[in-house]
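After this come two complexes, each holding chain A, first together with chain B and then together with chain C.
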Partner chain A sequence: MKPRVLWIEDSARLELRNLAAPVYSSGRFDFNLAENVTSAVNLLKVTSFDAIVVDVRLPPGVDPYWKKLYQNAGADKVNAQLGIKLLHWLINKDHIIHPDDPPNGFSANQLGVFTVENREDIQDELDALGISVFCQKTTGLPDAILIKIFDTIIDHKPM
Partner chain B sequence: MHPQEIDIPFDPIITLIVFLIGVPALVFQSMSPDVRRIFFERRRLFAFLFGLIVFPVLSALVVSGIGIYTEINSNPSAGASAAEHAVRWIIVLSTLVVVILIVAIYFPLRYGRRQGVLRLLEREILWNLWLKGRLPEEAVEDIIDLGKNAESPQEKSMVLQTIHNLVLRTCKHRSYTGDNLETLILNLHEIVIVDSQPANLENFRMTAEILQAIAVARKEIQHVADLQRTVKAVSGLGCAALMKFEFGLEIDNVIMSFIQTLSLINYIKPLDVIKNQHIHVMTDVSEALFEIGSLAAEKQRDFITVAALDKLVTILCQTPMTKELPPHILNELSADVMGLMAHIWSEGDSQKEFVRRRMPDVQECLGLSISRILGKACFHYAENSQFATANKLAQMAKDLKLKRKPLNN
Partner chain C sequence: MPDKPPSLDQFEHFDFRELPIGVYMTSLNGQFIVCNKTIRRMLELPLEGSLNVNINDYYADASHRKMAIEQALKLAEQGRSVERDILHLKVGDRDIYVEDYCQIIFNAEGHTMGFVGCMVDITSDLESRRRERELRERVEELRFDIGRILHANNTTLVMMNETLKSTARVLEPNPFGSLSVPLSEELERILDENARHLANSITRFIQAGDDDRRNKALSEGMWKELTVKVNLLEHYKENIAVEELRAPTLGDVAYEIIQISHAVASGFLPRESIRDLQQSAFQLERITALYDALKTRDAVFQMEYTLQSLRDYVTADVRTTAKKAKFTVKYLIDQAVRRLTGFSQSSRVNIDVRDVPTVEVHVNEREIVRALGNLLHNAIKYSWRRDKIKPSWVSIRTSIKGHKIHIEFENWGVGISQEEIEQELVFQLGYRGQLSTERGRLGTGIGLTDARRVAQSHGGDVVVESKPTKPVPEHDPEYFNQPFLTKVTLYLPLEEKFRREL
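Presenting the complex of A and B:
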């Protein structure tokens, strides 16, 4: 069975060919993409994943609660940090973030963060969530970086 | 009291009341044709007439009547001053002006604008849902019409947001069995695909999310009808997006959200009672991926094609029920995989190499030789009158026979 993996990333539109295409072409993963929090939650509701890579700056999608959180932060992805809020909701079952029960069975070692933020800027959040896999999006990353991140999460290696 | 002593300002009162009667005509004129039709064809005339004409005019008559009554009954000899008289009529006339302002400002906002009508329809639908557990077809059709005729992408987006809310509420309702959203799903595409208007990507994206919401909203459904309709809608919208938009990073992303929705439907674990029906949903998903993938191949949208093929191979080889699938279902799934491979194969040499790399996965999971798998797929498409795909499969088989050795390496 191929590992089932999820990339939650709104700017995938920019990185689609560079980063996602090698994952599809490799045929090694059952690869899924969600480009906003609503779509990600829809996927997480119906199935479990061996590895989930999350961006920090995510748009809310159509769900009214995620939309409200986004609007409360000035409708700004940088301020809203919905990726971090999604992780808190999933791991800590924080109902202040969203009134619905999050899907069960998530642990920090299934998760990784792949974002433009510096590690230092979100280190406190990562520590609070217990997430060790982090990769900063910078220029010059190899095309297979996403495959590497998924492998790291699945093999439980630090990154 | 002598009649000549009564001083009632009839002129301004009559002018204001006549103006009040004329306001509905102004509101009527300002309505867009579809909004007007909803009011006048769909039994909402009473609310319109009552809200816009009867209630304001009655209010104006009552206010004027009170003014006239107090004027008649005031006793000038008891020292009713001119100031008192003036204040009385200032109050009456101001009240009339306020009624006119309410009618002229509030009612056009409430009834004249698409947003206001949308809110009324949403309330009506939710009320029906609460009472009967079903969506009233007529009101749903009205919402679809509002979406179809919306003049801007923002207005369409407003309609889609309302539909999303209705979908969530319906699917969470205790009486939802998986078969209540027919009108909505079947007509959803008409909102985003209207030939008279330029297509809007964001609205395609929102539609994909609505369809996702239908797919995942409740697990304990008893029917798969809505799921099957959802698959058809996703397939239609995915193909329409490929046809309507030129190549671009953004559009690929939107089409990916349709592919992702299909993939998500495949992950849903059915209850035992609908297990057999759910198998047919799988074949619908597979067919939809084939349709989007083959169209993308034809239009040289390689990323979409590769993603669709990857999903198809995953469905065929990784579905927990694959081993238990009836042979005819397995044949359909493998035919879709091979059919898409044949479309990719026909596009060029590097595509051929890509197909060669993915073929062993299929061979391994079906436990059959490639020539046998190709033969079966070719027969399937010929039998279904899809001769173009059958021909491409035949050509691929021919090419592979010529180059059998490299494949076995």
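Presenting the complex of A and C:
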């Protein structure tokens, strides 16, 4: 059985399309994609994943609470950092972020962050969440970077 | 409440110590004779009791005291008093700035005896003004820098566009027929054909030669890998749910096959089968690379206009020399269309300009062309195809209502919610519509804001309408997945002559 993995990333279809391709072509993963927070939550409610990679700057999708958080941050993905809020909700069950109960059974070692932010800028958040797998999106990343991140999460190895 | 006004007697007996402004009297050498509570608070002195304090001890620079006295004496000779002289004082480690209003006190013989005056603490005002000035200077610097960086980025994008065009030529023959991004059915047909072709080549390659020769030619892992690839190529649509990721994935598969083909040890398998495998893999890799180049070129066109427009917006205040003049509406629309031709062709969106009346407007050409261009750019960017055969299109219609020309851009595609329209969120600087970033559309959230600002500065405005094309209730998750008919109208007052003729 292939490991089931999820990438929560709104730029996967266009700007980052070439990063997703090796995950499919390797044939090693049951690869899933969610392009906004609502879609990700809907997927997480019905499916369990071996590894989840989350972007920080995510759009909210149609859920009114995520939309409100987004709009309160000036409808700006950079300010809203919905990816971080989603992680807090999933791991810490923070009902201030969203009144619904998050899906059960999440732990920080199933999760990784793949973002344009510098590590230093979000290190406090990562520490608070207990997430150790982090990779910054920059030019010059190897083609198979996403596979490496998924492998790191699944094998519980440092990046 | 008593309605009787205070009496003069009350004024004469008013205790000046309670005034909310600093009041003082000093001797000629600066020794305080008296001062009220406001000054005592300002200088951190006891609020009650006698004082043995000299104002000189509070000057940040003692020489300023001498200059202030000379100035006061000079003004006194002219029958005037000191007004709004700003003194820099130091209380402990704290710098304070006060505005001083003072008058010299003379004795009966006309000799100077001391000073009486008022002081207002303006430290926070001065600080705010200083910060404001610094901020303004910083904004100016930034605007210059941003303008320069955007210009440099634009040049880079031009270079990228040319390089991508050359790359596309190198990758010919082009099965898509042009440098536009192919329609999805066209892409699917070509990918289907070439993926099947490669799968067949791999199968033939696997079947070539006996087990012994095959094992000597390639490792077991590589043969296994080839079998996996056949399955992926034959069922790529089921395996790759996200349509946009199919081409890059197939390109990646083709690349891996080429790598495997290079690892084949010579002399064990028929050369023709290796050549056939390589040719099929090269062909699929070439087509996916070509598609990749065309997609990226389309993104470059999109970003190029966005950056140009942003640069124009950021530096708009600097161009004070541009004056308004008379232009026909047709000329202005044509200029905007011309600017977007590359992007519309690359995105395969046709621009349909309908019956523009021969009227004129009195406008700043550059600003209005940019505003119209912003609206056209959005309409192209957020268009979906209306049917499987024809490319999508944007309609530009014009009409005269009252004394104004209405220029309407209509497209069929990504919607704007009523909430975003009613609350005017779409006009907020930097705001990007809830659905605007779906499908990887690039943007800055400036276009509509800028267009409205330009229209309003010409006595017009911009209005937005967006309606769903299917009767799906708004709470349904499918509501925003359907196409919307969006109309964005920029209107401007007609030039005087045409108004008179109406």
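Points worth noting:
In this section, the second predicted complex is superposed on the first by the 157 of 159 C-alpha atoms of A that agree within 3 Å, B and C clash if a C-alpha of one lies under 4 Å from a C-alpha of the other, contacts with A are read in each partner's own complex, and residues count from 1 in each chain.
In the analysis below, contacts are C-beta pairs under 8 Å (C-beta built on N, C-alpha and C of every residue); 3 or more make two chains touch, one makes a residue touch a chain.
All values reported here derive from a predicted model rather than from experimental measurement.
When the two complexes are overlaid on chain A, chain B and chain C occupy overlapping space and clash.
Once the two complexes are overlaid on the shared chain, A:35 sits against chain B and chain C alike. Look at A:62: by the touch rule set out above, it reaches both chain B and chain C. When the shared chain is aligned, chain B comes close enough to touch A:47, but chain C does not. In the superposition on chain A, A:1 makes contact with chain B only, not with chain C.
Judged by the touch definition given at the top, the superposed model places A:22 against chain C, while chain B stays out of reach.
By the touch criterion defined above, A:75 lies against chain C but remains apart from chain B after alignment on the C-alpha atoms of chain A.
After the shared chain A is superposed, the part of chain B among 261-269, 351-359 or 387-395 that runs into chain C is 351-359, by C-alpha clashes. For the contact definition in use here, the residues of chain A common to its chain B contact set and its chain C contact set are 12-14, 17, 20-21, 24-25, 27, 32-33, 35-36, 62. Residue ranges on chain A touching chain C, taken from their complex, read 10-15, 17-18, 20-22, 24-25, 27, 32-33, 35-36, 59-60, 62, 67, 71, 74-77, 143. The residues of chain C lying in touch with chain A in their complex are 228-229, 231-232, 239-242, 244-245, 248-253, 256, 292, 295, 299, 425, 428, 430-432, 434, 437-440, 477, 479-480.
Considering their complex, residues 1-2, 12-14, 16-17, 20-21, 24-25, 27, 30-36, 38-39, 42-43, 45-47, 61-62, 64 of chain A touch chain B.
Residues 160-161, 164-165, 205-206, 209-210, 212-213, 215-216, 249-250, 252-253, 256-257, 260, 263-264, 267-269, 303, 306-307, 310, 313-314, 318, 354, 357-358, 361 of chain B touch chain A in their complex.
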